[in-house]
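Next, two complexes with chain A in common: one pairs it with chain B, the other with chain C.
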Partner chain A sequence: MAEATIPTFMRGKDKIMSLSDAVKTFVKKGTCICPGGFSYTKKPFALAREVIRQDIKDLFVTMNGGASICEFWAAAGLVKLLDTTYIGLEGIQPVAYSVRRSIQDGTIDVEDYSNYGYGLRTVAGRYGWPFSPCMSEFGTSFMDNDTFAKMGLRGKKADGSWIHPSIPPARAAVIEDPFDGWGLRPHAFEGGDGTSNQTNALEKVRESTAYTGKQGVKVILVPPILPEVTIILAQRVGNKGTTRIEGILGPDAEQAISAKYCIAQAEKIVTEEELRAQPYSNTIAMQYVDAIVEVPYGGFPGQVPYYYDYDWDFWRAYTQINRKDKAEVNKYIRDWVMEDEWTFLTTRPGDGYPTITGTKGLQRLFELRADATYGYKPGLARPL
Partner chain B sequence: MEQRKRMRARIAEEDFKLSPGIEPRESLETWQKVISAAWDMTIVAVAYNDMRIPLRRVPETLETLEAEISRIGDETTLDVIEEEIKTGIRHFSDILEHSRDSRDRMDRILRATWNRRVQLKS
Partner chain C sequence: MSVIRQSDPKGWTHVNDDEYEAYCKEKGVDPEKYTTMELLAIAAARQTYDFSFIFAGTGLPMIGCMMAQHTYAPNALIIMEAGILDPKLLEVPISVSEARGGYMCSTLSNMADTFGTFAQRGFCTFGMLGGAECDKYGNLNSTAMGGYYSKSARDDGKTGPAVRFAGSGGANNIASYADMGLAMMVQEKRRFPEVNEYVTSCTGSRGPLNTPEDRWHMGLFRGSGTTIVSDLCIFRSSPETGELEMSEIYPGVDEQLVIDNVSWSLKKAKDFKPFEAPKHEEIKIARMVCDPHRIYLGRKTKRELAAEK
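Right, the complex of A and B next:
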């Protein structure tokens, strides 16, 4: 691997680290951090818990796809800035309560993008594009709000450097479509366009004078995401960093490649040879991964496809706990993570919330094992 | 330069002529059956290539687990192991059964091919 792709402080060192060392090395106070995974699925919770153990404050969290990790960090009072798309805990709590409460009381300042707009930001980050074009935020209030600009975090300082290296100088930009709406649906095919997506109805867009004061087709340009650290969870990671993700990919590859550093949390570290037997099945090339930590069951209480399902009973209980007094929730989350991950995994699953079987620790974790045929546990009770 | 000359000489006008239609010596149905079987075996071979190394690792990890059984003090841990092994037996038996069945049929097809070759020669 070309040495230029390895951070100077990591040259000659093994990428395989302990959970504690990986977080200590790459995550600092105020770091712009991007958690991978989607919703409850494939979230690197072990790394997230370690951030809480090390009490790393003032985090700038940038993320797509659900707020489960951000919820824990917000509960622990570690988040200062949030750049995101939605902050739900899915069906069980449509708005993650600790995040919501911190935004309402001014502890967290949030910049909001549409899901698609943010997704395109990760694509721009992955490919090194200066921006991605989209139209999904037209007609919404997204374009009227710019929290980071109000906070004076955008643009350059007098010496020409960026005020914040992970915050673009503008939230978005609107331009006239240089192709005059040629690519928009419905297409001008003979007999009409049979595609179901008619959201960008050409005539309406063409008639509008919004945003530029002139009639014509407009396009929104969204900037790439440039996190300092992305944390991801993969089922298998090679000992040099090649990463194989099975099941739903979410934005993991884009976010990992966009970032300055990437920490891969693995269910199992394997030989590179094993993953290179089918190189096209791998998700992230080794040069994008700076640190590897092996934490089996480290995705608990979330789901890792084909390995284990999420702990519905935990989330059901947690969404009652996080509505308690803010200080009480803060204390709960800090007690919950315990002193290290192994102690956590042998103690906390099934602890402090009711389950049908009443099992705890690793017994509870094995109870959540997925059926490899489906990728999840078909018989898992999910009572509301 | 010499090589380019040779290349130019080799690509003569008659090289571009298409072959006349040839009467098929085998039916399309036969070829479709050959291709279908070959593709199915290839799909399995590609998937196997991916699991080749983990599969080789399984006997070793099972051996380690077997040695650990005598040190287990909690019956619920034995429950977990039992459940994992039963699941493993289910999947591996399925793999074994279909592999054995396919392997037996391959032997039979080789014999049938040889028989047919003898018949065609006589």
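Right, the complex of A and C next:
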């Protein structure tokens, strides 16, 4: 095997990289990229900002768990394809406006899954399975719509290669359960009085002829996700790649392990020994992490459990800004990220939007530190 | 099944009356009068019962499940899809994946695991959701209106859907696995069509009961019907037909207003009754315990804004 084709980690090279080098090495025009984290929590915003600084266009974003990063990228006009489950910003803005506008005006093409449907795709991706079984999504419009198929992005080319290496040949498939629903009624949960599960309609499902034309229990199969790059944020990453995520995992581990490459943005790079003293608490095995970048507070304006809280005031202001004219929003977001992360973190927190205390830059970040008992900042003022 | 509800306010989370009065003064709210969002939170909490499993979606359900935990269902287990099981909510989360939502939970795992270990296995009594559109059989649309497809997949020359919503998130899965749907929505005629253009989540029977169009005949092995808590009334699935019927009506709301704000010919449930007005204790808890910053409760519906004018 030629040395050049051997992955970086197997050549014993240092995985620790600068933010700009990590993005330059792994993210290219048109890359299928999977941002980790969930809505406001543990989002690798420093990496996301660097993608904007390097102006990497035509991204194919595949994601589960909230659209905050995708919102910034869409605002900067960098997204072309979207394979997703949810494009909202939850409690602060029900639909992320830049993403919404770009889908409505034809800038972004989108394929939809449900969270569990997509989550099962990440499970298949993690374990290298050809598919996962899913008992949800039956009876809905998910089953009747397939954007990527209509765009001709599924299947193989004449030369036998995949039309798009990160798009599976089918959105989903329905088969008859070869085990006749046996696994769907575990003995302890037959339904009704005395158990948690109140309903079990398996007998009615057995009469079903939907999707396959034959009577019996059906199962939806979903394909794995195979992104080229996943970006995640972890509180601590060992110098060889062992990763520990504290607090809510969301989709991070599965998405990181499914990808060809994973860039881990760390609050702190630590020695492997520090994490290997309690290996049962570690989240991602070392060989799945290809690049490590250390950016303390790089999750700003989001929340990193046990480290710092989200900047509520920023999001409140941003969700007004992103409703402005498209060109204006694009300019805003490109200015906002500044020339590098240090300049950003020392300047932008508390800058250009009102905060109750009036603090800015590092002082503002310091103010958002989490309380160790709660993992967030109790009593953080969150006015609407 | 015997249902347990902590109906005695003495068992609820305590709120000091003096502090409440000071709070109302500070926020400029009437201590006795409830707003629409407060009513929605209270009405949703009343549907739940103790020791149940409440799988809560994002948005209004955050405040609904928190309200339930501090009143009628103190031992109900809340599930949030990012990996949270049975948190003790001290501050209202703005996301189903934030540290506020995970405080003192039993386990904290990942997204696929939450749906698998809890929902698929049957630990999902109530699926609490919000939605943009709700049809006659309790199907919710939270994806798109004016054609689903984006530009490159469309045949009509348009650039994309007329209105794009957030998409399913976990809503589809929560609705698919829940024993009972429980959705909170603002009621407008255009948001309550006879048939949804796009079905994101089947919270109710999906189609007429005992036909190939019902949820079970489409392959879903759970569910028994849904309760839709709107800002005018409470709808429930008819046990005979699966259609949504007017089941309870809020104080001061005219029946005709409810009828005028759905697109099908609405029937009244056999056990139709008036909804008991929110209690003082409930309003206190909604405000001071669940959402003191009024992140959700401070929002106003179009109807409220029109009434103010």
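Here are a few things to note about the model shown:
Keep in mind that, in the parts below, the second predicted complex is superposed on the first by the 356 of 384 C-alpha atoms of A that agree within 3 Å, B and C clash if a C-alpha of one lies under 4 Å from a C-alpha of the other, contacts with A are read in each partner's own complex, and residues count from 1 in each chain.
Methods note: a contact is a pair of C-beta atoms (placed from the backbone, for glycine too) under 8 Å apart; a residue touches a chain by one contact, two chains touch by 3 or more.
Just so you know, these numbers come straight off a predicted model, no measurement behind them.
Superposition note: with chain A as the common reference, chain B and chain C can be accommodated side by side. Contact comparison for chain A: of chain B and chain C, C touches the greater number of residues. The superposition-derived angle at chain A (between chain B and chain C) is 90°, Cα centres, a multiple of 10. By the touch criterion stated above, A:Glu50 is placed in contact with neither chain B nor chain C. Looking at the shared chain after the overlay, A:Glu267 reaches neither chain B nor chain C. When the two structures are aligned on the shared chain, A:Phe366 is found in touch with chain B, with no touch to chain C.
Contact with chain B, but none with chain C, is seen for A:Ser281 once the two complexes are overlaid on the shared chain. Taking every C-alpha atom of chain B against every C-alpha atom of chain C, the smallest gap after superposition is 18 Å.
Residues 270-271, 273-274, 277-278, 281, 359, 362-363, 366, 369, 372 of chain A are the ones touching chain B in the complex.
Within the complex, the chain B residues that touch chain A are 46, 49-50, 52-54, 76-77, 79-80, 83-84, 87, 91.
Of all residues in chain C, those touching chain A in their complex are 1, 53, 58-59, 62, 81-84, 90-91, 93-103, 108-112, 115-116, 119-123, 125, 139, 143, 148-153, 159-173, 176-177, 179-180, 198-202, 206, 212, 214-224, 293-296, 298-299. Those residues of chain A whose C-beta lies close enough to touch chain C in the complex are 38-41, 64-67, 84-88, 90-92, 94-96, 100, 103-106, 108-110, 112-117, 119-120, 122-123, 135-142, 145, 147-148, 150-151, 174, 181, 184, 186, 189, 191-193, 195-202, 204-205, 207-211, 217-218, 220, 247-254, 303, 305-306, 309-310, 370, 374-376, 378-379, 381-384.
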